[in-house]
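Each of the next two complexes has chain A plus one other chain: chain B in the first, chain C in the second.
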Partner chain A sequence: MPTPTLSPTLPPSTHEFADIIHRLEAGGSMLPDSPENLKQIIGIYKAYAVPMDFYWRDLLYIAERVFLNPLPAFKYFISKDYLDRPNAYAGEAGSPRVWRGEDDAHPELREFIAQGEAGRKLPRIMHHLWHGRINMEFAEACMQSMYWHEDINPRFNAYLDSDDYKANADKAIRAYFKGNPAMLGLYKLFPEVFLEKVKQLSYYSNLGLFWEVMAPVFFEMSDLYDEGKLTTVPEAMDFLVNGIFAVAGRPIYHQVFIKGECYEIIPKSEGFTWLYEAALPYVEAIFYRTAPFRGTKSYNAQANEVPRDQADFHYGILYADLFPVGSAGIPPTLLMQDMMHFLPDYLVEMYQANSRGEDDILNQVGVTFQRSMYNVTSAVIQALRTALCYPLDDPNPRHLQANRDFFEMQIDRFKRPEARLRDIQKTSYL
Partner chain B sequence: MANIVEIALGNKDFSTLVAAVQAADLVEALQSPGPFTVFAPVNDAFAKLPPGTVQTLVENPPQLARILKFHVVAGRWTQADLKAQTQLDSLEGSPIPVRCHADGGDDFEVKNATVVAADIEASNGIIHVIDTVILMG
Partner chain C sequence: MLSTLIWLPLLGAIPIALFAQTAKQSRNIALAFSGAAMLWTVWIFSQFDLASGGLQMQEFVSWLPVLGLNYDLAVDGLSLMMIFLNSLLTWIAIYSSSSDIERHRLFYPLILVVSGGVAGAFLAQNLLLFFLLFELELVPLYLLVAIWGGPKRAYAATKFLLYTAIAGALILASFLGAVWLGDSFDFSYQQVLQNQLPLVSQVILLALLLVGFGIKIPLVPFHTWLPDTYVAASPPVAILLGGVLAKLGTYGLLRFGMGLFPDAWALLSPYLAVWATVSVLYGSVTAIAQKDIKRMVAYSSVGHMGYVMLGAAAFTPLSMVGAISQMVSHGLILALLFHLVGLVEDKVGTRQLDQLNGLMNPTRGLPLVSALLVLSGMASAGIPGLVGFITEFLVFQGSYIVFPVATIVSVIGTGLTAVYFVILINRTCFGRLDSQKAYYGKVSLTEHLPAFVLAALVVVLGLRPGWLVQWSEVTSASLVAALPEVEQVQLAWQEETSKENISFARQVPLDIALGE
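On to the complex of A and B.
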């Protein structure tokens, strides 16, 4: 492992995680640089990108097509158009072309949709009933978390509460239920219920547009690793940092297609951006906060076991104890199960070699995912440092101190006892 | 006296900024009476951004306009005026921290940018030239 070099003009940090502060100051990641860690995070990025290719497509399908269907029983039965929908950052027309692969649904995803877990071609309804499908409930749980932690996206939420938004939503609701007096009657009686549902659908669109970027980023990282062109953890982190900047200005919007007509509920002209209204709120809502998962542990709110302030919620992947979280049916496990279907061979071999082999594979996938998300969070921290602070080699000591203050403030969030930052420093953490 | 846009057009160090202002359709706004204070990044400031950042913004004018508006403040704020200020409200809506002679030194910084040329007078405001594109957050 390369030894991080300390900046010559600052004394050593006295932070509890001084080693990690120094590593960040040397352009490193919170995750130690080792071939083993690199293999784990790249392997899991690839396994994550395939279901994510479904998540973003289906989130947009629901936001743009299913819309206010009162009985959305088939919302996970994505249309052919949305499986073929070109990813804006892959294929010949990608701008920028983040992944050199094709822009429609990934071949492994198509194969899984056709064959399910059963490994046989059956009608989709059969795979669905046998649960041989992508767990869209995970994507919806992420959307719910972003929607619920409303303080982290103030500008976007202010627009959702604006008269312009209400007028746009009203137009779409009336068009969607045109000729349906029962639903229009309900809308007249309970307009806020419908509006609230449309706001939630705007978050479906927000998250779909966010993940449309991340899937090709992860596919490209996996390809670069397979080609021997991504050789260290900091290189992997830097690829993410560059990806974040390259698409930072992507518009976040919400449009609905009703009877062939497009209704703009959040127009691109509102100026919402991928970085500020999607990526940063996503990281805060999902990596850090989320909410306690039902069935994993009993919390007594009256004994203050659940924080009074939502900002104090720390139930995200960076804090998760993967053992209780590995329970059936809860969002993180749904994701682990999705990723398990698309693991590269080198990760499967690694899991088989560990003490319980494949018996605890969901747990092992979870721990690997945790490592990989500490690297993604490191990329976000370094990207924010680039955007808001100073270059790592800035000659001005005051600027270097500002960088250090920024890094220490970020790492302070991992002083909490449940944080897994300490654990991911050790190879023995499985 | 030339206005803010005319001054930028006349200086080749601002060619990227001028192209961005044109792409974002902000030329007319910056030619209006104002007055405005503009923190104008030089070409090298845009070049420091990671690859692809500027291109994506130029392809999306409303998003680009938002970033550019973060560099503009209502009113004519000279370097001397800013000594007594710790932050200004940008036209984008987010605050811009300023640090002007804070420790009795000669520093004049706007967020994480350093002012490399201050107090360039225009008919509709004032320009401070900065070495880094500043971003909200």
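On to the complex of A and C.
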């Protein structure tokens, strides 16, 4: 592991995590650079990208096609159109072409949809009931988290409350329920309920569009690693940083297709962008905050076990105790379950060699995922530093101090006892 | 035929001591010989005549007739149950011992010597032979605790040695008295049974036996060696100590205390019932206060052996069957508990209740061990459907007619058993596993195997208690039949103690000195 080079013009940091601050200042990641860590994070990126390829497609399918279906029993049974839908960042037509692979659904995803856990072709409903499916519960939990922590996406939320948005939504709702007096009557009685549902569907679209970018990024990283072109953790982080800037200005929008007609609920012309209206709120909502997941621990809000202020929520992947993962039905467990189906062989072998073998594979996948998300967060911090502060090799000591202040401010959030930053520094954290 | 059970383990000790190169080899040889002994036990079961209450399959070789010592073996319903327990638990103790144990060429032979010696003691029909074999297990066990034990093993082993040596001396004194006061030098059990000793002599000799075997069982207040020794002993040795060796004490009381001194037994039975009840309550209440699981199980053992004593004190046919079955049931449950505690200690590194938590966790805890721990706790607490229930119920059902108050108080003891097992299970298995510390090794199927075997017996014999009690029913009935009515003995006692100028304490040495 290369030793982080200290800036010659600044004294050593006195921060609790001084080593990590110095590493960030040297262009590194919060995750220590080691072949083992690289193997873990790249392996899990690939395993994450396959279900993510389904998540974004289904999120857009729900936002654009299922829409306000009062009985959306089959919303996870994605249509062929959406499985074939070209990813805007992959394939020959991808612009920018992030992944050199095909732009439709990943082959492993298609195979899993066809074969499920049973390993043979069955009607899709059978696979679904037999848990041979991609679990959308995690994706929906992420969407809800982004929607609920409304303070982190002020411009987007302000638009959701605007008259323009209401008018667009109203148009789409009326078109969707045309010829359905019962639903139209309900809409007349409780318009806010329907509007609220549409707002949520806008977040489905927001998250779907965010992940449409991330899936090919992760596929490409996995391919580069396999080709020997990604050899260090900082290189992996830099790839993410570059990717963030490459797609930062891509539009975030929400459109609905009703009877062949497209209704623009959030038009692209509103200027919502991938970085500011999707990526940064996503990181804050999912990596840092989320919400205490039901089923893992009982929280007593009256005893102040849950913070009063949403900004103080720290239940995200960077803080999560992944130990309870394994309880049936909770979203993080279902994500681990999804990733488990697509692990590269080298990760499976690594897990098998650990103390409990494959018995606790969901926990081990969770911990690996946590490491990889610290690397993604590092990329976000470096990208923000690039946007808000100064280059790392800036000769001006005041600028370097500003960079350090920025890094320290970011790392301050991991001083909390439940933060796993300390843990991921150790290889023994499994 | 019965000799095989003694000599097979002893023979097995020789190749291990001389030829075994690795611990694995030693273990495999020990498993082979103990397994063969177990199969032989099964064969003995198949040959056993259920209708006969007397001794069967007798073997006799004249050894030292001048001393009255002969190689005299036989089996009845009582000893049959004990040799079953011994064979099974020896195999399980060997199986559950670590495959890379140090000084394996000594460890396994010692276990086999203990097993052979104990089998011989259960089968011996000569008082001196019993005593010799009873003493034979003392030194190997001392070494097993002192060499392979945990912290404080030297202290525990020495304490065990001292207590058991004193117990041996008292037992020998009682045996000598029983033979010599009968004007005989033949230590054959059947011969000694013919001796008609005065009631006062019987009471004194029984008292010696009660203290001697009371130490071995142990009963309060002779129990203080037990928690220290159980805690210091490694799990396989603890299985042998609690599962089999403790039964030498109860077996001795039933065979010799009750058999040789029936009048005194009948006379003292109300006091024995009180003593049993005190043991039950003391063991249970003390167990509640423990923080170390092994120590808790050790005190629970004191309580559970009290039930055996209660059943024997009541000496109704039902309570006797209950007492004998309780010995087997306790042996199985205790072995199961010690094996599981050994697994917990091996994987987690502690037995302390205030450090253990959340072992039921399905992915990183010890879920199957926890489930079996719950099962064994339920069995020990006498939950219906498990073997502990049926044996305790037999004791209570049988003893209630004779000692209702002692029985009811003992029933409260089972409630207390449930209390400490709930504490144990709640603190050990439930709660949240600490993710910072807990990444325990996987418990393999082979490590679970002894627990599966024992748990299966606990459940099957709980559901079909007939398969357990049928072997000892006739023997129990014949043991009870040999005992007189309590009132009759009490009258005799009053008569004897009111006779003028009879000072037994003075008379006995005089008689012996004169050789009369």
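As a working rule, the second predicted complex is superposed on the first by the 428 of 430 C-alpha atoms of A that agree within 3 Å, B and C clash if a C-alpha of one lies under 4 Å from a C-alpha of the other, contacts with A are read in each partner's own complex, and residues count from 1 in each chain.
Following the convention adopted for this analysis, a residue touches a chain if its C-beta (ideal position, glycine included) is under 8 Å from a C-beta of that chain, and two chains touch if they have at least 3 such contacts.
What you see is a predicted model, and the numbers here were worked out from it, not measured in a lab.
Room for both chain B and chain C is found when the two structures are superposed via chain A, with no clash between them. Of the two partner chains, neither chain B nor chain C is touched by A:131. By the touch criterion stated above, A:359 is placed in contact with chain C alone, chain B being left untouched. By the document's definition of touching, of the two partners only chain C reaches A:430; chain B does not.
More residues of chain A lie in contact with B than with the other chain of the pair chain B and chain C. With both structures placed on the common chain, the touch criterion links A:323 to chain C but leaves chain B unconnected. By the touch criterion defined above, A:95 reaches chain B but does not reach chain C. Contacts of A:271 after superposition on the shared chain: chain B is touched, whereas chain C is not. In the superposition on chain A, A:386 makes contact with chain B only, not with chain C.
Contacts of A:248 after superposition: chain B is touched, whereas chain C is not reached. Using CA centres, the angle subtended at chain A by chain B and chain C is 150 degrees, rounded to a multiple of 10. When both complexes are overlaid on chain A, the residue A:121 reaches neither chain B nor chain C. Distance between chain B and chain C in the overlay is 37 Å (nearest C-alpha pair, rounded to whole angstrom). The touching residues of chain C, when paired with chain A in their complex, are 361-364, 432-433, 435, 438-442.
By the touch criterion stated above, chain A contacts chain C in their complex at residues 297, 321-324, 326, 355-357, 359-360, 362-363, 430.
On the chain A side of its complex with chain B, the touching residues are 95-96, 155, 241-242, 245-251, 268-273, 276, 280, 384, 386-390, 399, 402. In the complex of the two chains, the chain B residues touching chain A come out as 49-53, 55-57, 59-60, 62-67, 93, 111-112, 135-137.
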